[in-house]
Every structure is written in C-alpha cells, then in structure tokens.
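Working notes, beginning with the structure itself.
Letters A, B and C name the chains as they come in the text, with residue numbers starting at 1 for each one.
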Amino acid sequence: MSDTVTTVTKNWLRNLKVSLFVTCLIDQFFPQVGESVVNVLRGLGVEIDFPQGQTCCGQPVFNSGFRRQARASAKRLINLFETSEYIVVPSGSCASMIKSFYPELFRDSPVMKERAEQMADRTYEFSQFLVEVMGVTDIGASYSGAVTYHASCHLLRELGVIEEPVTLLKGVKGVRYVPMDGLNECCGFGGAFSVKYPDISHAILKDKIRHIEATGADVVLSCDSGCLMQITGAMKRNKIKVRSMHLAELLDSKASHGR
Amino acid sequence: MDVKTQRFQKASTEALTDDRLQAVMAGAIDHFDQARKVAVEEVTPRVWETYRERGRKIKEHTIENLDYYLELLTNRVEGNGGVVHFARHTDEATSIVLEIARARGVKRVVKSKSMLSEEMGLNRVLEAHGIESVETDLGEYIIQLSGETPFHIIAPAMHKSKEEVGELFSKKLHTKRLTEIKSMASAARQALRRKFLEADMGITGVNFAVAETGTIVLVTNEGNGRMCTSLPKVHVALMGMEKVVPALEDMAVMLRLLPRAATGQRITSYVTFVSGPRRRTDEDGPDEFHLVIIDNNRNKLLADPELREALNCIRCGACLNICPVYRKIGGHSYGYVYPGPIGAVVTPVMVGLPKAKDLPFASSLCGACKEVCPVKINIPRMLLKLRSDLVEGSRSQRKSSIFDRLLSRIWGITMFSSFTLAWAHRLIIILQKPLKHEGNLRRIPIPILSRWMRARDFPSLARYSFHQKWKKTLKDESKGKGSAGNEEDLNVIK
Amino acid sequence: MFGVSKDEFLMRVRDALGKTEVSSDPEYLPLKIRRQHQRQKVVTVKARADARRTEILDSLVRVAGLNGWHVYRSGSVEGVVDYVVSLAKKKRVRRVVRSDDKFLKTIPLDERLQRNGANVKVVRKGRDLSRKQLRRDMAQAQLGITGVDYAVAETGTCVLLSRDGMSRAVSLLPTIHVAIVEAGQVYENLDDIFAICRLAFQDNRYDMGSYMSFISGPSRTADIEQTIVVGVHGPKEAHMVLLDSSGMKS
C-alpha cells in the first residue's frame, strides 16, 4: 500500500465512531463481554458511544409471533440509533434481527421500512465489523490454549459471516485452533424453543457438547450469547471442564493495544 | 391419513426416549445427508447454485401462472388420449378413483409411491370396497405390512431395523426368518412380481407434470413405477396441482436437482415419462390413462403470498435430513403426511393452524433447511409467519397460550425503556440470591423456565448490568470527562 | 361425475391467485420456440455430438460405469455379438426376448444365441402372440435385449421410446437387460435430449409418444437400513454395449 493510502486509512480508523448495541443478554447476564467489545474497539482507536436508552432488539417476541410488540421495540431502537454511522452488535442473532427482519417487520409501512433498511445497512455484527469494515485480523491479543469455535446459526446463515470469527481467533497469539465436527450445526437454543421444547433442545445440545469435548479444546468460542448460555449451561451441569467465551473476550485477552 | 398433530409433545418425547429409534435414525439420516453433500461437490457448489436458482425460477413462474399451466396440461393430456379429473379435496379424489375402478371391475391394484395417496388414505378405502391395493415401493410395502405410516418422504421405512423387517416378512410373507437384506429384497421382488403381472390397475403419484407435452414424470429406482405404468390395463396418476412445470426442457434442471438432493444420486435408475395411454401401434402399455389433479388445501397455500413458495417443493426430503429437530424426533412425531421442515409449514395450513400449533414452534429456526433446499424455499420465514398467525392472525388461526401472552406483556414492560429494565434488574438480583450456586442457578421455580433447568444450569443475572458499568466506569475511561445527558442523548466521549 | 369440472377447479385456482380473469399466455420463452428454430437447435446439438464424439463416448462409458451399468465398448458388430453371447453363456440363459429393433435385425445375434441353446423371441404383437403370452415370455426370460433411441453421457442414461416393435416390458421384466447403443445415438447432456424430444413432439403433431424410459443403471433400493440392494423389481443387471466403429478402442 502506498504511503498516502496508509495514512488515509489510519486517519479514517482514528476518526471512526461506532455506536454499540450491546444486546439484552450481554447487558443483563454477561456485561464483561460488552466490556471486552469496548476494550477491543478502543484499543484499535475507535470512538464508542453507547445510546443508553437501548434495551432489546425485539427478537424474543418476534420469534414468538408477537409482531406488534416487536414493531414497537424495533421503532424505539431505530429512533435511538438514527444518527449512528456504524452500529456494532456483539451477537449474530440480534444483528440479523436488525438486518434481516426489521425491514420485514415494517413491510407495510414504506416510511418505517425505509428507515429500517437504513439502519440495517449501518449495522454490523462484531466480528463482521472488525474484519470487513476495519480490515483488521490481528488485534494484538494473546491467549495460550486450544480453542474451538461454534458457528451460531443466524450469524452463519442469515448474515453469511463464516470465515471472519475463525480468522480473528487464529490471529490471537498462542491460540491453537481445533475445528469441531458439526461446527455449523445448531446447538439447540433457538430462544423460546429451548424452553418450549426442552427435551428436543437438549437432545440437539448433547451432540454439540459431544463434538466440543471431542476436540480436546480448553475453550469453546461463539459470537452469540444465547448459544453460549445453552452450551455453558449443559457443560456446567455435567461438570465439563471446558471454558466458554464470547469471541470478544478472547480478543480482549492480554491485549496489547496497538494503534 | 388421520391427523395426529395434537399429540406432538407426547409423540416427540416418545421418539426421544426410544433408544433403538435414535440409533437407527442417527445412522440412516447421516447417510442421506452425506450422499447429498458428495453429489453437490461433484457438480461443484457454484454449478449447484445455478441449478437451484433456475429451479426456483421455474417453480415460481409456474405457481404464479398455475391456472394457465394446468389448463395447458389438461388439453395436452386429453390430446394424448388421457382423461383428466379434478378433485377439490381427498374425498372427491378417492371417489374418482373408486369410480374408475368400479366401472372396469378392478379387483387388484398395484401402487407406486404417492404421498398424496397418504393424504387420501386411499388403500384403506379401496380395501373397504373389496379391492386389493398393494404398495410396491419396498419401503411403502414394508410399512403397509406393518400397518404404519411413512416415516420419511423418501425412505418410508427408515425407522425399521433389518431385524424388524426380517421378522415382518417371515410373519406376513411366510418366508423363513430372513437375516440378510439382500434376501429380504428378493422376497419382496418375488411376492410383488405376481402382483404386478396380475393387477387390473396401476396407481402412481406424479413427481412432475410437463404442461407442454401432457407428460407425467416418475423419478424412481426400483422399477415398480415402470411396472405400474406399463403392465396393468388402467393407469391412474394422482397429482398435487402444484406439480406442473411448463416445458420439457425444464425437466433437465429438475432432474439435476431432485435425485442429488434426495439420495445423492446423479440420476435415479429410472425416469419414466408417461404421455397418455398406449398408442395404437405400441406393443404394450395401458389402454387407459387417468390423471387426477387434486387441490386438498393447496389453494390455501397459494392464496397466501407469504406461504405460496411452499408449493415449490419437489419432495426431495433434503430438509428432513439436515433438520436438527427431525433428526431427533423422526417422522411420526409430526402427526400427518409430511414431516420435517416442509411438513411444519404445509401441515398447519392443511389441517388448521390451531390443531397443529406445535409445528411452527418446534424449530430453532437454524435455517439449515433453507440452505439445502434445491429450490431455495425459505422455510424459516414461513415458520415465523405461521407463528405470528397463531398469535395475531384471524379467528380461525389464533391459538396462543395465556402464559405466552403474559410473558410477552412482561417482556414488553421490562424492555420498554432502560429505566424499566434497570428496575427489573434490581428486582431479579434480589430474587435470585437464594437460588444462586457458584454463580449459576440450579433451580428456577417458574414453570416454563424450570424446564430449561432439567438438563442445564442457567446463568445468574450479573450484579451490575452493562448499562451500570458504562455509566460508572467505561464511559469516562480515557479522559475522565463525561457529559451527563439524559438517557435519550447519545453519550459521546473523546 | 365425481370431482368438479375443469372450469370450476381453475376458477378456484384463479381466486387463490387473486386473478379475476382467465390468464393470458405468460409468454414463457422455452414454450415460444417455433419448429424451425427448434430444428436449428437440434442441428446444433447433433453437430456438437458429432464433433465431440470421442469425448462424449468416453464420458458415457465413465458415468454409466459409476451408475452400475456393465459397460462394454466394441469397435465392431462381431464384438458386440460376442459380448452378448458370452454373457448369455455365463449366466446360463435359456430364454431371451428382444425388441424388434431396426439395428438388431441386421446383426447375427439371434442365430448365435440359438446356437448356444437359448430360445430367442422377438417381442412383437402379431396374430399368434397375445398380450398375455408376450408378457409371460418376458417374465420368464432371463435376458432382454433392446436397442436404444438415444443415450446421454451426462447421466449415463439409455433412452427408450415405446412404440411399434419396442415393448416397454422387454427392458423391465427379464433379469438382465442388455442395451445396445450405437455411437451416433449418444448425446452430451439432458438439455440435448429434451431439445430433440421437443422437436419430435412438434414434428409429430404434438405427440411425444406414450412412453419414454430413461434407464440409468440396474434396479436398486436402499429402503432397508439404507443399504443398497441391486435388482428389486426391475433387472438385476444392466449391460450397455456400445458399438463405436470410429476406430477408437475396443
């Protein structure tokens, strides 16, 4: 890359302003993941704002068929993030709710649909943002251990984010990546599905746990807290010694914040 | 077929706790899925995508102009010397078949695979009228002998081990106890040979119907389809109205899609193109050809633009093979003719949404079905649509539990603003104190959440939410400056 | 009458689609190709088949083999006859039925088979042979021999049209089916075949013939424990004998 281009890129990166939609699960259960997201992005020189009015993207009620409620929720979020240039979401399912389903929700109201589409365009899942928008693959993090990765369904199939999380985790110094069998297979969470049909959910989960254990990894990673809840829940109940982490937490490990 | 969709919870639990069934399914379904993957690799994913796109376009165009193509098909079939009948629902279809049989003194029927005939419960009715109707597809033959319904669209007897089949044959066919699969197939071949040669009427389904030439197409491997359409004097083909494709050349891409998606084959051993009864100068073939075109609630799918693409289905079964739910609960749990993801869409529409209210919800919406569908049907979208119909649809569609509605209210209040959320957080922190165990919750005395706890721990709520942490520390991290705005302001730090 | 009239049925479909009038022709391109252009298409198809003859034959042999055909490629008629005769001998065939094919008439197949003790019946309805008798003959035969109308390299398929002299059952009822393919009958892919069929349909006053059979291997099933068994209802063995007198291998 020529000097001018590098400078322009560096300047652009330095002036990058990003709004964080932290998601309700992370806000309430795993705030440390949100912290890691902030740390990683700040370490790259990104300015972060956190619109404090945010609560939930509406996916739980949308998935349960309560579209009226989901629309109300979506409207609030669209308003809140109206002026954000980039919206980063550390969750495949929440990002795809915004990107794939917000326009769908407002199918019958042209004005809201337009605004929803605009928000969708500006929304990125966390790993997607790092790799696709910022062009960053090595955060400068380090973690020594064997790590495996579970590809969450919405991230994979709605957003088409396949390689990015693996690229990022491989960029962490000291990490030994062990791909698991059935890496693209569902973990059985599916939100309300896991409480409405817990036995089916659990039967599916058992296979995923088996695959995780078979890798011999110390850590299982995912970009979705829902999946992590499901997987961690079973591992803890069965006293399995594998640690579960959100990708952001790995990238925040012993991170040396270079610019 | 009897509708048993209300039994879903029970039936799926039975399947999950049936270790033998779980073992059989694990091997069988994996086999099909692997075969499909290999077949797709062979043509390369890029080429496979072009086939899928073309296949979808053909079906979309056809369905949008369904009346036109059904009319063309009818004209051409009649021009070939065939007779076309129209049935609004299965009772009418069954009456038509009975009448054809009665008028020709038919006593013995041989049948090749037709899911539509399952919708009609045809065999039972024929038997009740003193007409022997023998299933000739080996899998269908097995379940006919055992009195069961199909377990899978492509492999109806997938759930049966070879021991079970051996035992079944020795009991019903009076063979000695067979242990080798080869000898079982031989036994079936022998038993059914005679039936083919003596039958008065052959009944088949239709995989595709080419409007342009008035041709019905059967995609098979065993040869029973050829037998049923060549040996008896009368051939009756049962066709779902959505099976029509416009042109002969459309069959090229359809034949590239169906065998690969279904069984991983480049092409099936036989593809049979029937265009009416035998011509005068033919050496053999039936004297009469009847095509029965059936609606049976397909118009309901057609009438809803969001559900219309379910009619694109070419019945390959790929979505069944990839579905994490189907793989665990198997075909019988779905309680009607079509199991798996496509079944979860069409069944509620066919039998009534309230009756089949579990089907749209018994899915994690993982989207694997959408990914493998050879004609790119977006099943998850349609499941979501059906879920919203159950909650917000018309009177005849709505069926949601009080508990769900209550939960959604609670969610609505909690998530209304960061203020209400903060208060909910404080409340739960207090309530969860006695339940915490090493940072997790082992039991939750709320009925619905307690189900989660049967096999999993649940995380406890974090002492401080991210909202709180942001306000306390993260916001002002770098420079110690902060702007105290109200919660609608964007908090930007420099 | 049981069921409803065509008009009523189609009206219901139109209602569902939200259409108030009878649909006009949607002008679907593949249906708009007129006879002269279809002929042009077929000319191109045949030219390509001629130009790439060797490649296409190699492809056919390979894919057919993968599909479970026993494939034998011969440069001469004698080679073809030898193969069939030795096959009949090996399988101890007593009864043979064959289609009344133009090509099969010209080769000394019947005599050679008969010399080896097999009874050969040409399947053709006549005053002496009733449908019942014909069928019995075919059901009892161990070997059924046919020519083909076309073969498709892409899928390893033989295409047989039912007509005067070509019975449907002769390739279905006997235990072994032998299909004799001439090199000039082989085309590259499914699109080619359907293009040819469409022209035949247009040329023959919109009649495709009652029955067209794509045969791509022996009869098989995987319905019991997903284990493949060959030879369920149709032939247990399918042999493709390719007469390629272009001078390439035997």
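The criterion applied here is as follows: a residue touches a chain if its C-beta (ideal position, glycine included) is under 8 Å from a C-beta of that chain, and two chains touch if they have at least 3 such contacts.
Note that this is a predicted model, so its numbers are computed, not measured.
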{"item": "A-B compared against B-C, more contacting pairs", "value": "B-C"}
{"item": "Most widely separated chain from chain C, with each centre as the mean of CA atoms", "value": "A"}
{"item": "Length of the line joining the C-alpha centres of chain A and chain C, rounded to whole Å", "value": "55"}
{"item": "Length of the line joining the C-alpha centres of chain B and chain C, rounded to whole Å", "value": "32"}
{"item": "Residues within chain B bordering two or more other chains", "value": "none"}
{"item": "Chain B to chain A touching residues, read off their complex", "value": "9, 12-13, 16, 324-325, 328-329, 361-368, 370-371, 381, 384, 387-392, 400, 404, 408, 411-412, 414-418, 420-421, 425, 440, 448-449, 451-452, 454-462, 464-471, 474-475, 477-478, 487-494"}
{"item": "Complex interface listing, chain B residues touching chain C", "value": "24, 27-28, 31-32, 61, 64-68, 70-71, 74, 76, 79-80, 84-88, 92-93, 95-96, 99, 136-139, 142, 155-158, 160-162, 165, 181-182, 184-185, 188-189, 192-193, 196-197, 212-215, 221-224, 226-227, 229-231, 241, 246-252, 255-256, 263, 266-279, 281-285, 292-293, 295, 299-300, 302-303"}
{"item": "Of all residues in chain C, those that touch chain B in their complex", "value": "2-6, 8-10, 12-19, 22-26, 28, 30-31, 63, 66-68, 123-125, 131, 134-135, 139, 155-157, 162-169, 172, 189-191, 194-195, 197-198, 201, 206-227, 229, 231-235"}
{"item": "Chain B-touching residues of chain A, taken from the complex the two chains share", "value": "17, 19, 22, 24, 26-32, 34-35, 38, 42, 47-56, 58, 60-69, 72-73, 80, 83-84, 104, 153-154, 156-158, 184-186, 188-205, 229-230, 232-234, 236-237"}
